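For reference, the structures are reproduced in the following blocks.
Heads up, the next two complexes both have chain A, just with different partners, chain B and then chain C.
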Partner chain A sequence: MSEQQKPAEAPQGEQKLSPAELKKRAKAEKQARRAAQKGEQGGPSQDNAPPNGEPKGQKPSGAPGPAQQKPKVEKQPQKGAHKPSEQDSKKQGTAQQTTMPVRNRRASQSGGGAPREQAKKQENKNVELFSHLYTQPRRQTIEGAPKDVHPSVLALGLQISSYEICGSTARCVAMLNAFKDAILEYNTPAGASLARHLTSHYLSPQIDYLKSCRPISESMGNAIRWLKKLIVEIDPNLPDHEAKNYVCDQIDRFIQERITVADQAIATSASSQIKNGSVVLTYAKSSIVEKTILQSHANGTQFRVIVLDSRPLFEGKNLATRLMHAGLQVEYFPFSGIARAMSDATLVLLGAHSMLSNGRLQSRIGTASIAMAAHRADVPVIVCCESVKFSGKVALDSIVINEVAPSEELLLPPSKTAPTPVKTDDDEEEVKLRGLQDWKEIPNLQILNLMYDVTPAEYIRMVICEYGSVPPSSVPVVHRLVNEGM
Partner chain B sequence: MPAPTVGQAPSLNTFLKSLKGTEIETSIELLISLLKRRQIKNSRPCAIATAKLLLQVVAEQRWRSAQDLIKRIRDVGRKLVAAQPREMAVGNIVRRVLGVVREVAEEDQDSTSNIAPESLPGSPAIVGQSLHRPALPSNISGFSPLSHGAALPQNVQTQPQSGTSSPSLDGSVDSPPRRPPMPNAGGSYAGAAPHTSLFGIFQHPQGASPIGTPPIGSGTASPIPKSKKDQEEQKEKLDIKAEVIDGIKDLLEELDIVDKQIAESALDHIHSNEIILTHTSSQTVQAFLTAAARKRKFTVIHVEAYPNDHESTHSTIVNGGQKTGDDAEGDERWKPLTAMGIKVIVIPDSAVFALMSRMNKVILAPHTVLANGSLIAAAGASTIAQAAKVHHVPVVVLSGVYKLSPVYPFDTDEMIEYGDPGKVIPYQDGEFMDKVDVVNPVYDFVDAELVDLYITNLGGHAPSYLYRIVADHYRTEDIDLTSKT
Partner chain C sequence: MATSQPPTNDGPFNIVQTYQTLLHEDPDLTMPVAAIESLILGLSHTPSTTVSETLDLVSKLTLQLKRSIPNSISLSAGTDIFQQYLIANLQKPGPGGLSGDFENIRSHLVQNGRLFVERAKAARETIASFGRQFIRDGNTILTNGGSRVVGALLRSAAEEGNASGKGSIRFRVIYVVSTDDKDTESAENIAALRERDIPVATIPPTAIAYCLDQVTQCFVGAEGVVENGGIISRMGTYQMGMLAKAAGKPFYVVSESHKFVRLYPLGQQDLGIQQNVVDFQTAKGSEDADEGVADMDVETKVLANWRPEDAVDYTPPNLISGIITESGVLLPSAVSERLIEIWF
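Right, the complex of A and B next:
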């Protein structure tokens, strides 16, 4: 526990990074340096802002990191300009602030933080415990995307980063389709073979671009691995267009086999678990759970559905709307209503982001709480998951493997009941009431928006995949057979 | 119902302001309507409003006997409780005030005649014990000895006894002023002992019906001391009102300083560099954390309690105790924790399980604490407590004694209140609202086994010990307020 608490030990955390992460970080840094250079040419004048303008009360003295850097603040006022957090850089858009968050983090420890008024806002807003998860900010525009990224992929990236395409399966299918478009327009340069050139020189930038929009899901990873293997194994003598057609056909087959048909199989199998009079509880939105419920409804089973939902994505509302249109009896609970909802439920159906090899389920944040409540109430928990989402990774908690979404997503539009205008009734404190929207200006305040959590295997009664219903302990077996043994 | 003041949304403050000049009946009606409309809600405002109202009720007139006063308070209390049964603080305060009255009455009696206890030799053992019961610790300082905890179980025992007595006896004994039917014959003696009417009634059955059951019939010695007592009592009666008023003022003071008292133990429970998870906005918890923050640095993970309390949670985090406009909460102001150098991390409710493995402590604020150590708290609390249990993170509940209710959770579902579904899905979503049942529970029931420690203004207790505190604070005969005498 102590590591998370002691900021001073952050460097230790760095050492723990996997090689892949280090590579990513290095890349990010390089990019950052370039951006910073560019920025400095643009607007160096900002550095000359008057120093020491900072009211002492505002110094984030509580946060250990900032506290450390305090002594140095006066000495190197200029350096601070390069340490804005990612969100700040996005918001303020000033040229020299485009530093990447990773770099930002390290730099801030080596001493920095401008004494300017702005410096306060640049307090690190990343939650220490999850510092390994704050990589680059999500790309929200196509600006600066590598030239060789195919337009379909460009568009997809934006759709993904804005959650327009959301959900592990949907993202995977959309990615494969975009890759198909991209591959069809690929031409092998002279002197190279498609099998050798396509993956490394053409597909990789596309993948990197997608990763910069949002970290890729396990299903996407599995699909990419499959695709790379497929391409490498293409006979080098095959003519270009034939090879491309072959790849595209194979992609279609993959989608068909591993996702479409798999979904049907799972829906059929899982819908048999829904009996007349069942009360099915589900959380957020999973395409496969939706299919299962609709299938069961189509089979004429009489049952009720409880949808639990959570901030900030409100995916469950979509699911509830669709089920409502299908004529099902639906109840909709906010996340806080778990206890109440669970008292009625007879079955919990969950979707998955990924099934980990130690039998744990990685899924939308909140899933673990639902499974726990179900376990306590002796309600069976069934996970519906295509084998393409099975993963070789293992995780014990939700902290090491996860994704941090921008905190801004958690801010609510100011409502009528929110703090009303400025109220300065006491002379001593002329602080106007602030809302959470101002969180960046408030030292020591952070907002954490995690995407996933990991559900312990003991809460899961059964995993239904297209190969049948297996206990969570069998996940690694299926994974090896299907994703690696192919 | 008269609107309290014009131009302002009715709230605790407007109610308290209006209390002075208004007639007592009007005030009662007003509070009832405020409770019903949820314009006064949450334990503390309800408790304060109730106590202040009862203060007026007591001050309203001269009371000929404590019995009349008890009857009056019970009547008012019953109405208030019926207005909003889930705000158990209302009932708690009414019971506390009743306890004060009974205590005052008993003190009088004790001082005037020591015969009283022996005077009813035949009646169930409780009578003697209850009469001797020491001052109700309205100030909390007085912790009563073990014997008093016995009141509850004994009451249960007596019920069969009352059953054995003849129906006619029962009917006459249960005169409206004094007592709830539930703790039938036995319990009521205790509280009513000092009063003429009571003893008169007892004499009746004895004389009139020889059928009188053994316990009562054997009380031959009683008549004489009783009448003596009556006379003396009337002299003392003058003091009752003043003493009761003092008692209620003590109670109000307790409400006032309860946070401070709880916060005093903060340093005993929070150490440096801890990561503490808390839920919704609670004055008590904030005061507790603030007290610890003066000396130590730690991290607070604040769960926002969407959709019912997230706004106040956010406002507490960002602004501390500065409330907007005429908020129902008290005038207390305090700095936000962030300004004291405490790192505060806001998370949505869904992230609780993911983070729980790194927490050192969970601090919850209850809406109501039940006698068996379980609690009712803002929705989401049970998930937090369960997750904490699973991860072996201690759960600490901070609660003033006034939130402690003598109710046992036989049906937890009925204690849960449902809020406005419009907070979950905006009403603009007409079709969705129409076809989908949108449910928004406001409270959660948290079982006693999920709680590791209660910290009240009396100190720290195991959940299993709470029933004792309940027994110390409420009279058995007052536990059932809702019944028609």
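Right, the complex of A and C next:
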């Protein structure tokens, strides 16, 4: 009975779904076809979009046919043609995503070598859950940069994209200094006023260029917002050079007030939390945590430091080295040593990329695990964060707000001994797997390299900003007072 | 002891003595208010002509006061508020004629300070009127210590409903009293409640967990409400909070908002005061006698004044369901917002 009903219901359900689904599928396939044509293969018969609501049961047998026949040779030029322009391939990728489930099923059904080829060729290397985070690949050269980007900003962009300037505070300061250079060389065109023209026509391309090098941090965003407001409020009658000098002075003041002095205040207040005999645990590298530890050391407090660190950036090595040179007793643990390290710690000091308005902390990926381990061990977790990094955003997870770094950074450098080629079980074709270096060629493998994660507020005992120590629940209050009122 | 004019009877003004006299004379006075009052007396007694001189004097007196009291947390709430109030008020006048106006400012200050003291006392009644809404028919309330504001709240709940002093709300109270017979503060509250036909049971601190299933909610007082919304209160409050949390009973703190203090402890050892609670001993005597600390003199002096019944502990904010103050019922997280408003 039930068996009889099922087949009867299934097509009905299919038909119900079909208008929207088929439309989507047809669109996706059309895009894929267009892409294929671009790759100098016509293949008009490849996928007949079934507009007539063709029963699904037949379709799999019909569609993979041409796909199977598709010569393997054809794939190579296509790949070659598409790789350079990754945006194109991404477009293709999204197109495939929609059809992906069907194709996978087909491949498993038919079990042939060729369909798998097909899947591999068109596999999207972006993790779908995080697809909103993939931007265009980071700019590594100044090639093709807009002509009106100032040389200081150009240089800064490259430093940022290569992690030479990495921390969110450092990037913010460097950006403001570069903008200062740029503003000094700005001339208001005739018939325009500085207050109206500077931001939209001159600063915007600079900012866009920096964004193309690496997504900007919360502190940079806050600083840019402040700068734009400052420029808009300039009296239009002010002579050009005076206005420019005024802006530069204000930028200097901003750096001084919101970052330099703030850092000192935070370091002073946070270092008082380090007592004789403390064991301070920190993760990766934060300039403000470093300052705090050094200041506490300079005050003569006797304490130990544990630096936990992780791939791919190994920022903690830098911190451990500096602390060691300053004469501190430092232990350096890999991330896997978290449990061991936590059993010794009496205090966890963390830096921040940004403090979110629900009291959560966005920081280098791995921080949440540290905070969780500390919370379990009842070790107080203190976040040191300038108020310029406080954000009005709210995040419940690390998925919505994050930054995806190039996957290649996660790969280990190629080993000297070349691994032996592996023969796949299917003897249709010999696939040489040379380790993760060739991850783009390996089917069903995606590599995700996230930059940040979000630590729940209940793991954070205290947030130290330049206005004092506040619980994480007061972050929005401070943010309202200092970032939105400025 | 009972001299009512401390400034006049000895030459140099003695803030510590004034403070203690004030506390003794008026049992309704809380420590922060007494601190403020003695500072005001100090100000009116000692002539000062400039703003910085006044501020200097206040901070000197504050330090003197803090040094002499073993647990300065509660009174520092008062002195901090007063100092902030002074700074805000003394900076108000414009640049012109500051010196001429100064006497006015000072007298205004002294008067306003008195007003503040009056208001602080009145706050207790406001709190009681807020708090008694939490008490319903058939409730059983767990409380501890001799907190006057909790006493006022419970009395007010007992009287609610009619003017005869016998209330319409029928509730019961379980009072946690320490076993050593020094607990006279709570005796007063207990007697007052029993007089109003409220059944009161007294239990030792060891029996809290045992009676917790009969309890509907807990009310405790506080010496200080710290920045993250936690409280510093009589020893034993922390464990009561923990047990209440474990049993899922609401745990309310009743406190005037002048007890909000700019202190942010991370744990019990981080209160900034010396308490001789954990004292390891062997047959030879105390273990940490040889611990060399820089300012041993001050510490030993303060520790000598320290009595076990003065001991306090810190209850973290995650155990607290609400803080009942004269300006409303706050979540622990709202305390920091209040303090930010005052201090920024």
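Everything below uses one rule, namely that the second predicted complex is superposed on the first by the 345 of 486 C-alpha atoms of A that agree within 3 Å, B and C clash if a C-alpha of one lies under 4 Å from a C-alpha of the other, contacts with A are read in each partner's own complex, and residues count from 1 in each chain.
Just so it is clear, a contact is a pair of C-beta atoms (placed from the backbone, for glycine too) under 8 Å apart; a residue touches a chain by one contact, two chains touch by 3 or more.
Computed from a predicted structure; not experimentally measured.
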Touched partner set for A:Gln273, first chain B, second chain C, both or neither: second
Which superposed partner A:Met175 touches (first chain B, second chain C, both, neither): neither
Partner chain in contact with A:Pro471 - chain B first, chain C second, else both or neither: second
Greater chain A contact set [chain C / chain B]: B
Contacts of A:Leu481 with chain B and chain C, given as first, second, both or neither: second
Chain B versus chain C as contact partner of A:Phe335, first or second or both or neither: first
Which superposed partner A:Arg461 touches (first chain B, second chain C, both, neither): second
Chain B/chain C common contact set on chain A: none
Chain C - residues contacting chain A, complex: 227-229, 262, 264, 266-267, 317-318, 333, 336-337, 340, 343-344
For the chain A and chain B complex, residues of the former touching the latter: 1-2, 4-6, 57, 60-64, 127, 129, 310-312, 317, 320-321, 324, 330-341, 343, 364-366, 368-369, 372-373, 376, 397-399, 402, 410, 412, 415, 417-420, 423, 429, 431, 433-436, 438-439, 442-450, 452-454
Chain A-touching residues of chain B, taken from the complex the two chains share: 273-275, 297, 299, 305-308, 310-311, 314-315, 317-319, 322, 324-325, 336-355, 357-358, 360, 378-380, 382-383, 386-387, 390, 413, 416, 423-425, 431-432, 435-441, 444-445
Residues of chain A touching chain C in the complex: 273, 347, 380, 382, 458, 461-462, 467-471, 473-474, 477-478, 481
